[in-house]
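Shared between the two complexes below is subunit A, which pairs with subunit B and subunit C, respectively.
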Partner chain A sequence: MHIPDGLMHPAVAAAGAVIAIGGIALALKRINGKISEDKIPTMALLSGGLFIAQMLNFPVGGGTTGHLIGAALACAIAGPMAAMIIMTTILVIQCLLFGDGGITALGLNVLNMAVIGTVVAWSGSVFSQKSKIGILIGAWLSVFAAAGACAAELAISNAINPSYGITAKISVPAMLGYHAIIGIGEAAITVAVVSYLQKVSPKIFINGKPKEAKA
Partner chain B sequence: MKHTHIDEFAAHTRLDFDPCIKLVFTFLFVCAVAISSNWMALAAGFAFMAAVLAISGVPLDHILKRYAEAIPFIAMASLAGFFSGWQVATILFARTSVAVLAIVLLASTTPFFEILSAFQKMRVPQIFVQMLMFTYRYIFVLSDEMGRMAQARKARGFSGGRHIFDKHGMGVISSSIGMVFVRAHERGERVYASLKMRGYDGSIKTMQRRKTGPCDVGFAFCFAVISASILFIQFWEW
Partner chain C sequence: MSATVEAWKCAKICAAMFVLFAMGLGLYWTFSAEYGDGLEVTMEHAGVSEGESAYSAPLGYGENYLASFAMGAVGFGAVAALAFLVMEFLKRRK
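Right after this comes the complex of A and B.
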């Protein structure tokens, strides 16, 4: 879902960058003071771990594979504000180290995956009483919402100027359809990793471990 | 294990310029390309990129591999563009390709620590600079761990799972990911303690003392001229 440069209309890219910077600024403001200096390496480890986890493909079926986005996992482990910063870090590294995702589209990529993905994942776990189900729903929704945002950006770009983006008739069903399935994998893996970590290494949860699901 | 796939060519590139200038002017160039939808402007941009890539000494297959990673989106967009005519589709394809080449060039010719020191000069919030530095460091260590685990999984006959509802396959993948975090966490605490003992205070210190020289200005000038010409061709009333 990494948007390359030149695909989106410049106005869409600029608007996305402004919203993304706003979201990150808010996250930085909320996190300053709440998370002590010595937690930064731990947060960086989460982003490093997610970076590596994104490289591990899971089978979707029919020979195709998908991979984790990780917003929901970061959110479950470190809380929404830290998760935004963790996801942004990953996206910046992918852009500047691998050329994966554009530099003018970085704002949009951060908006979709780091801001929208995280906020949606977090709200999923807030609305549900049982935290495991909340994480499950949140993870699926976060992928779906990020894909939806991406499809909308493509459609808006295309509506402004037909030589940008993808028309809504194609972008919306293609992105949402594919990511509805990818989301199932994301949700299953996120919940499995969270329960695994609760069992094996509960001290990894920066914001305290999420409530145990009543089995 | 070797990590030849992560910034392989950045350390000995011929495009060894001030990272601040590289970041800013690549950004300007990409902006100019992103605005442009004129054939000639994009052709000029592509010719320039091809020349710089040829000078940079980065092997062609490396560039193509990185470019191929952006292909799914470009291909989807170009195919969709055919509904509005082949000109629209080819312009979209050309524009995105030139922009992707520019960012691949930046990524594969700039060592990451140089980018970090540029970020520090540009007053990027300290927490981000630190996060980026630590994450970059850990990626190598963690990808080693992941490689060893992949080998262990393979040795025990795991071939990647069958489909998305394959409970066993997904379970193996999940615990692999979980294990990466567990190992990472323990290692991270040790690393931080030893950094603190060696006087780490959160700032990036590189051995290189850079001064902006005539070469840097020349590099900036080339990028500025080509960006300006792209915009000129785009907006000139023909």
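Right after this comes the complex of A and C.
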């Protein structure tokens, strides 16, 4: 879901960057001075782990693949504010070192995957009191919402200038359709990893261990 | 003593991640490598091609299994290092 250079209208890219900077600034402000030293290696390993997990696209049918975004997993382990920072570091390295996602679209990619993905994942788990069902729903919703935002950005770009973006008639159903399926993979992987970590290393949950799922 | 235990624990976690990555990468190169992701396929459907990149990145994800594994290791290190530095900056001050 990494937006390349030249796809979005510059005004949309700029607006996205401004909102993303606002979201990241808020996250930095909220967690500044609140991270305990012994949790830093966990967060660094989580960031690196999510980077390599994002390299592994899995087939979702129809010649399409998807990969873990990881916002929900980062959220479950480190909490929403730290997750936003973790996701942003991944996206910055992907863009600057590997050319994955355009530099002019970095703001939009951060907005979609780090800010919207994290906030939506967190909302999902908060509404179901951090249970595994909540994490499952939050993970699926994080992908769906990030894809919805990307589809809207494509549609707005196209509406401003038809040489940018993709018309809403194509972008909205295609992006939401593919990512509704990709989101199932995200939800399954997130819950599997959270369940495993609960068993083998419950102390890893910086933001409090998720509750067991109720039947 | 505690630092040694922590370092050993981190090394074990890294090793486990890379074993999983090595296995996942095998599946990726077998089943997924030639297909695009959701956005790329949407662009293809709409007849939109990727424009010229405004920035030329020094690395790529690799064209084969071994190169991808190496790039994964490089990216893992870069992301972990950047996250570590950011979190060090944000840590609780005594």
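The rule we apply is simple: the second predicted complex is superposed on the first by the 201 of 215 C-alpha atoms of A that agree within 3 Å, B and C clash if a C-alpha of one lies under 4 Å from a C-alpha of the other, contacts with A are read in each partner's own complex, and residues count from 1 in each chain.
In this section, a residue touches a chain if its C-beta (ideal position, glycine included) is under 8 Å from a C-beta of that chain, and two chains touch if they have at least 3 such contacts.
Every value quoted in this text rests on a predicted model; they were computed, and no experiment measured them.
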{"item": "Clash or fit, subunit B versus subunit C on superposed subunit A", "value": "clash"}
{"item": "Subunit B versus subunit C as contact partner of A:Lys34, first or second or both or neither", "value": "second"}
{"item": "Subunit B versus subunit C as contact partner of A:Ile189, first or second or both or neither", "value": "first"}
{"item": "First, second, both or neither for A:His179, with subunit B first and subunit C second", "value": "second"}
{"item": "First, second, both or neither for A:Phe205, with subunit B first and subunit C second", "value": "neither"}
{"item": "Which superposed partner A:Ala44 touches (first subunit B, second subunit C, both, neither)", "value": "both"}
{"item": "Superposed model, subunit B segment overlapping subunit C, candidates 112-120, 130-138, 166-174 or 220-228", "value": "130-138"}
{"item": "Common ground on subunit A, meaning residues reached by subunit C in one complex and by subunit B in the other", "value": "2-7, 28, 31-32, 37-38, 40-41, 43-49, 51-53, 55-60, 62, 65, 85-86, 89-90, 92-93, 95-100, 102-104, 154, 166-167, 170-171, 174"}
{"item": "Subunit A contact footprint on subunit B (complex, rising order)", "value": "6-7, 26-27, 30-31, 33-35, 37, 66, 69-70, 73-74, 76-77, 80-81, 83-84, 88, 91-92, 95-96, 98-100, 102-108, 110, 112, 115, 125, 127-128, 130-139, 141-143, 145-146, 160-166, 169-171, 173-178, 180-182, 184-185, 187-189, 191-192, 195, 202"}
{"item": "Parts of subunit A lying in touch with subunit B, wherever the complex brings them together", "value": "2-7, 10, 13, 28, 31-32, 37-38, 40-49, 51-53, 55-62, 65, 68, 77, 85-86, 88-90, 92-93, 95-100, 102-104, 154, 158, 161-167, 170-171, 174, 181, 184-185, 188-189, 192-193, 196-197, 200-201, 203-204"}
{"item": "Complex contacts: residues of subunit C adjacent to subunit A", "value": "6, 10, 13-14, 17-18, 21, 24-25, 27-28, 31-33, 35-39, 41-43, 45-46, 48, 50-61, 68, 71-72, 74-84, 86-88, 90-93"}
{"item": "Subunit A - residues contacting subunit C, complex", "value": "1-7, 28, 31-41, 43-53, 55-60, 62-67, 82, 85-86, 89-90, 92-100, 102-104, 147, 150-151, 154, 166-167, 170-171, 174-175, 178-179, 182"}
